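Each remark here refers to the structure printed beneath this line.
Lettered A, B, C, D, E and F in written order, each chain numbered from 1.
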Amino acid sequence: MKYIVAIIKPAKLDAVREALVDIGVQGMTVSEVKGFGRQMGHKEIYRGAEYEVAFVPKIKIETVVDEAVAGQAVDLIASTAKSESIGDGKIFVLDAESALRIRTGETGAEAL
Amino acid sequence: MKLLKKVSLAAAAVLGVTALLAAPASAAVTDETAFVLNTFSFLVHGFLVMLMAAGFAMLESGLVRTKNTAAICLKNIALYSVAGIMFYVIGYNLMYVDVGSYIGSFSLLYNPSDAELALINAEEATDEMVAEVVGNGYSVMSDWFFQMVFVATTASIVSGTLAERIKVWPFIIFVVILSAFIYPIQASWTWGGGFLAELGFTDFAGSTLVHSTGGWAALAGAFLLGARTGRYSGAGVRPMPGANLPLATLGTFVLWFGWFGFNGGSQLALGSAMDAAAMAIVYVNTNLAAAAGVVTAMILTQVLYGKMDLTMCLNGALAGLVAITAGPDLQNHFLALVVGGIGAALAVFAVPVLDKLKIDDVVGAIPVHLVAGIWGTLAVGIFGSGSFVAQLTGVVAVGVFVTAVSFVVWYVLKATIGIRVSAEEEEMGLDRAELGLEAYPEFGRGSQKL
Amino acid sequence: MKLLKKVSLAAAAVLGVTALLAAPASAAVTDETAFVLNTFSFLVHGFLVMLMAAGFAMLESGLVRTKNTAAICLKNIALYSVAGIMFYVIGYNLMYVDVGSYIGSFSLLYNPSDAELALINAEEATDEMVAEVVGNGYSVMSDWFFQMVFVATTASIVSGTLAERIKVWPFIIFVVILSAFIYPIQASWTWGGGFLAELGFTDFAGSTLVHSTGGWAALAGAFLLGARTGRYSGAGVRPMPGANLPLATLGTFVLWFGWFGFNGGSQLALGSAMDAAAMAIVYVNTNLAAAAGVVTAMILTQVLYGKMDLTMCLNGALAGLVAITAGPDLQNHFLALVVGGIGAALAVFAVPVLDKLKIDDVVGAIPVHLVAGIWGTLAVGIFGSGSFVAQLTGVVAVGVFVTAVSFVVWYVLKATIGIRVSAEEEEMGLDRAELGLEAYPEFGRGSQKL
Amino acid sequence: MKLLKKVSLAAAAVLGVTALLAAPASAAVTDETAFVLNTFSFLVHGFLVMLMAAGFAMLESGLVRTKNTAAICLKNIALYSVAGIMFYVIGYNLMYVDVGSYIGSFSLLYNPSDAELALINAEEATDEMVAEVVGNGYSVMSDWFFQMVFVATTASIVSGTLAERIKVWPFIIFVVILSAFIYPIQASWTWGGGFLAELGFTDFAGSTLVHSTGGWAALAGAFLLGARTGRYSGAGVRPMPGANLPLATLGTFVLWFGWFGFNGGSQLALGSAMDAAAMAIVYVNTNLAAAAGVVTAMILTQVLYGKMDLTMCLNGALAGLVAITAGPDLQNHFLALVVGGIGAALAVFAVPVLDKLKIDDVVGAIPVHLVAGIWGTLAVGIFGSGSFVAQLTGVVAVGVFVTAVSFVVWYVLKATIGIRVSAEEEEMGLDRAELGLEAYPEFGRGSQKL
Amino acid sequence: MKYIVAIIKPAKLDAVREALVDIGVQGMTVSEVKGFGRQMGHKEIYRGAEYEVAFVPKIKIETVVDEAVAGQAVDLIASTAKSESIGDGKIFVLDAESALRIRTGETGAEAL
Amino acid sequence: MKYIVAIIKPAKLDAVREALVDIGVQGMTVSEVKGFGRQMGHKEIYRGAEYEVAFVPKIKIETVVDEAVAGQAVDLIASTAKSESIGDGKIFVLDAESALRIRTGETGAEAL
């Protein structure tokens, strides 16, 4: 199993979710994060003082998928999340040794 | 029932005098005392209405999403300020000074009367000086103050409907025109003693003159501005829930509170037992209509949707208030329950209808102020002392004028400087896009703690 | 000191007249002027008390957890509405119309007097018409308005204690009964001129009639409803911190503000120098008692817990206000500091005691309104003009009646439709469970941004 | 224009009488009616000013960071309470009782007059009793109440500047000294009829006496307390954005609302047509100055920074209000726009200047209350009836005295118990460090849901 | 060392924490997340318009434990977090190459 | 590539970010988390009732870096985040199989 971590623009979440569901990904976990990268944060002025907001709001999607679909899933996320503008984000793939569905105790692929 | 929001006072004063001659001097209210009481009534009820600006600000802050909250706060304090200044610069004169049938005087600025200044500056006040001032029935600036706060209300209504996508400056420009010309001109027709007044049209505190006027202006704007991005995309409506409902609730309570000034003060006099008694009746009707509005909305949303919708219940309170505003002098308070309840029901039903029409009204200002305002005005022709035909005429006349002029103004703004932020700015939120800050920088996604 | 919240006015009027005959007409307040001033006092102080509904809403919104915030907002606007309607439908009549010793008239609805309508509708007001209206001392509906807002306060107290676990509709039903029957009946015993009044029991603005009554009703409800899940599980108490303390602070300030209407307006007249001077004394005592309450709570929590507890200091302000409410006419203001300070101390100590008894009072309404209310009422027998025995009798009589009837009502509700949400719904929060929305959809766990 | 905030009333009463003799008795305001109206004006305007305490609390709650929000709420309710108590204990006497040139009486406590108690307690009020009470022109405690709320305002100003790093108790101690001695002593010089009054210095409602006084005390404190950690570290200024701008907006609206009491009530009388007319003028100037302040700040921030800054626009409204406070009796309302607009502009420019000086003013209280307060006081010497030299003298005299004494007090506090929390506590936030709780426990980083 | 990622129902957090502490797990890191899976989100009505809230609030627990206790820890989390109702969540196990305690510089098992 | 997960004290975030940028780390993703560990939570009193706040606010930094710089990055984070006081946090290193830059489709080291 592969543990996919995708950092995307918040506006893309719904599209990515639907795309993944279409290829049979059954679940994912999402969190609000802040990103730092080539897309520099923006300058803001508050009460006459300029300052830099270093981090940009991003969404982190974590989904564990079967070896087989991992590549497809990554490509799909990439194509759906793409806006060609800086800050589109990254996708990282890690290896997951095991998965377990708490409710049923199922493990491995059944657990996903 | 007051046809003319000003003239009536003369009447009141006269009545004071009559009573005076008729009754043993010691029993009646003296002219100067009446003057003081009338003036103080304008001031007290005026500051109540002024607080409605805060009420609208909180209601709208609570019903928009966080990313547009600071912008709506700015718009609300800006519109209250601009409306007051423009009403001083020209609005009041267009509304009340030498009103013919359709419009008042184009003279600029409005200041205290010479008689009052003479009295105030006198080393030693003579009897004549006092008499001349008292003859007016109330202090001129107290009346101006009370009239001014109504203009701001009209402008507040517009900001709620157009929130979350309109640019700040074009909105401000519209408020300038609304408070300097659109509102005063149509108001002169009735409260200024113009043709609608002669026609027998009556609107005690402004269901049509204030609330529907704001509603029509908002409707024209919403039509040209378009809905928030994604709101009506694909099947059905995508809700964009208000971010802070306790603030919206606070705003509604504050509006309710201010409405005692709105309706109560529109009795326009406190210088006699008659006026005092009538004012009390207005207070009670105002409160009962709002209460009926809340209960109606609770029951309706429970029945229609299986759950009570807080935001609709808040709308219900306001719809009840708007509905009773045209005729809060009903002499059987039970009718206030009926008028308020129906007003709220109409608002509750109007909300989804607007969505069907893809008219995106962020806070429900059109159902509350326009729909319930029309109903309340007509209700005077049904339950109240007014004639239905006259009421209908007034509703139509004001509606056509305000909608047409507003449409043109919005259209010109759109064609020139543009009225809508870009899609990116809308996604980012008006706070960051137009103000470069956030309303809640430490909460949720935009947190500046990181 | 007013025994009867209504009758007193006649007195005032009389006094007006006396002064009138005695003094050179030109120096005194004329009857009609007194009528206007008395009426305006009811209206102004009435709208202040009305805003207390917003104060309670904010206080409670700030002290519950986010997941129950929209529900408490809804309950607060609903109870204010329902209480007003029921008081119009029957409550006022039970409280003030033809009160024997124990209850008033069962007649329905309460509308303006014929005399007032005659005057208002007159083509030309005759001297007699005015005199007849003026004879009453104040406009009848202004008095109704002022009395009405008190009922809502009683109901607000209940909602705070039972928050976060009670179902909306059963709560509303209880409010219907409370405002239509329970409150008016017991109030008739004192302010309606019933047996407690004859007994010499005195309660200037309602430490017992309003605040303790709300407290007793809340206590009965809390007992039958049970504590929030997990609150007293295992060792000690699990705190469930209020989610928005600035709102709670705002609510407290707004209540303090409204209290000037609550106590000041209970002078019930403004038509003479005596009444004006007395009213000013009431304002000062009210403010000092609250201030003493805050300072007492600050010091106590610092000493007891090593840290000042903001929520306790807010409770302290309110406890000081509740305590002075029975006798804000103290003629040495220093005593107001004493009464308010002791009231706050009792409230601070009562909070953990209630927890020991596993009575779960979300906002501390019982310590503040019941405990401090009892103290304040007895204090009139100690520092004020009242007799201690009479005061004690009043406290007990009202307490027994309200608790017993409330218990039965809650019991029947529990046995029939049920008063408590399911454990799952409680965990999910009343906002989603009962209203299907969230108070702060974009913040924290439930964020709808995702 | 009132030189002496009290004496003037005698004048008013006299005028009442004159008018009385001159005019047919039936036409004028009777003495007793004037007494009632004057008293009621103090009470109504007093409760408006009281609500300003809530306004400051919300403004400051909105402009601090979440971790210091509960602490600022506590400070605000505490300072209002303490100020009221100390003004009762000694402050009022130092300010108004037997004032020589520089200070009043050191006597303790202030209670109702014997004449009033005699009237209130009389079985049967005699003509003489009434006359004696009425002779004072207004009820003594109504005046105390109105004067008291001003002290609290002064203290509120200090809390805003020093927020986010000052310890609660030392702050409270400073408020004790400020409200018991510093404020009353300097106020006695002008409103108490002391040397500044004789000099012809005039300050209608307290641009200098209230607002600058608070500003000077805050400045001295900020200087000794130092900036928030990290605020001026390294290059330029590190902004620490306010956490809840809707609350800050609400606070500003509430302050604006209360300001009608602040300025309007400072007319100090309502017992004649002259006073009523003058009061109305004050209301209008107050509103226009604030409106001009908002618009000025909007335009300036747009031009200077390319974006409107909501917090600066809120400051602008307040700066406009502070500026007009010294002379809201301008007889040409256009000048109110000028005075308010300039006041706001000065505040907007002062904000970055303070940062340059590394004086850390969390909410901008110094630009708003001190800078605009000085301007407004001098403006009376330019547009108003005052002499510029006299105005300047007053500004300097008060400034030197308040700054010097405040500096000493802060210095002693710093040297003894210390005034600043530790760096760790500051990082943790005052809420957890000093109160052991959180203002928004469920939102963001500190969330207690986990 | 194993890097355990457990997605559970918010109400179960305290129980799970205590259970883990009992078997000697010294630390964990928790975050608020949104989950998408078989347990569909709920429908809500707002101002007359029905809509679907796709994501459900969940809690993510991350804890790094020694090889030896990993299995036991997973079972324990599963048994404690179980409510038999849909949405109980998942447990994923990844391999962690190294751990370091910042305060002391300790590494490996000592760092946990 | 290495997937570095660092749990640090919130006050240290800026310092750590700057340090990492200095050694050429181009990006990172940050989230607000709650930590449980040796540094016990604090006791608080609310309305007279004492209770324990078990979790302490922490910041989680996730950054994927090239094999080569991983060690240096870890040491740097450790030295920068250190305050010698309990609760300084932990750094965990996992293996990342692949990385992809959504905007450009670059993979591997170029994607970081």
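As a convention for this text, a contact is a pair of C-beta atoms (placed from the backbone, for glycine too) under 8 Å apart; a residue touches a chain by one contact, two chains touch by 3 or more.
In this text, all values refer to a predicted model and were calculated from it rather than measured experimentally.
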Exercise for the section: Between B-E and C-D, flag the pair that has more C-beta pairs in contact. Expected result: C-D
Completion exercise
Interface repeat test, D-F vs B-E, A-B or C-F, passes over-half contact pair overlap for A-B
Handout entry: Inter-chain centre distance, chain A versus chain C - centres from mean C-alpha coordinates, in Å
Key = 54
Practice task
Take the average of all CA coordinates in chain A, do the same for chain F, and state the distance between these two points in whole angstrom.
Solution key: 18
Practice task
Indicate the residues of chain D shared as contacts by at least two other chains.
Solution key: 25-26, 28, 30, 33, 44, 241, 244, 250, 305-307, 309, 311, 436-437, 440, 443-445, 447-450
Handout entry: Touching two or more other chains - residues of chain F
Key = 10, 30-32, 34, 44-46, 55, 94-95
Handout entry: chain C - residues contacting chain F, complex
Key = 236-239, 241, 304-307, 309, 311-312, 351-352, 355, 364
Fill in the blank from the handout: Listed in rising order, chain E residues that touch chain C in their complex are 10-11, 32, 34, 42, 44-46, 53, 55, 57
Completion exercise
Listed in rising order, the residues of chain A that touch chain E in the complex are 1, 3, 14, 17, 26-31, 62, 64, 94-103, 105, 111
Completion exercise
Within the complex, chain C is touched by chain B residues 15, 18-19, 22-23, 25-30, 33, 37, 41, 44, 48, 65-66, 241-246, 249-250, 252-254, 256-257, 260, 264, 270-281, 283-284, 287-288, 290-295, 298, 305-311, 313-314, 317, 331-334, 337, 440, 443-445
Practice task
Please give the residue numbers of chain C that touch chain E in the complex, ascending.
Solution key: 427, 432, 436-437, 444-448, 450
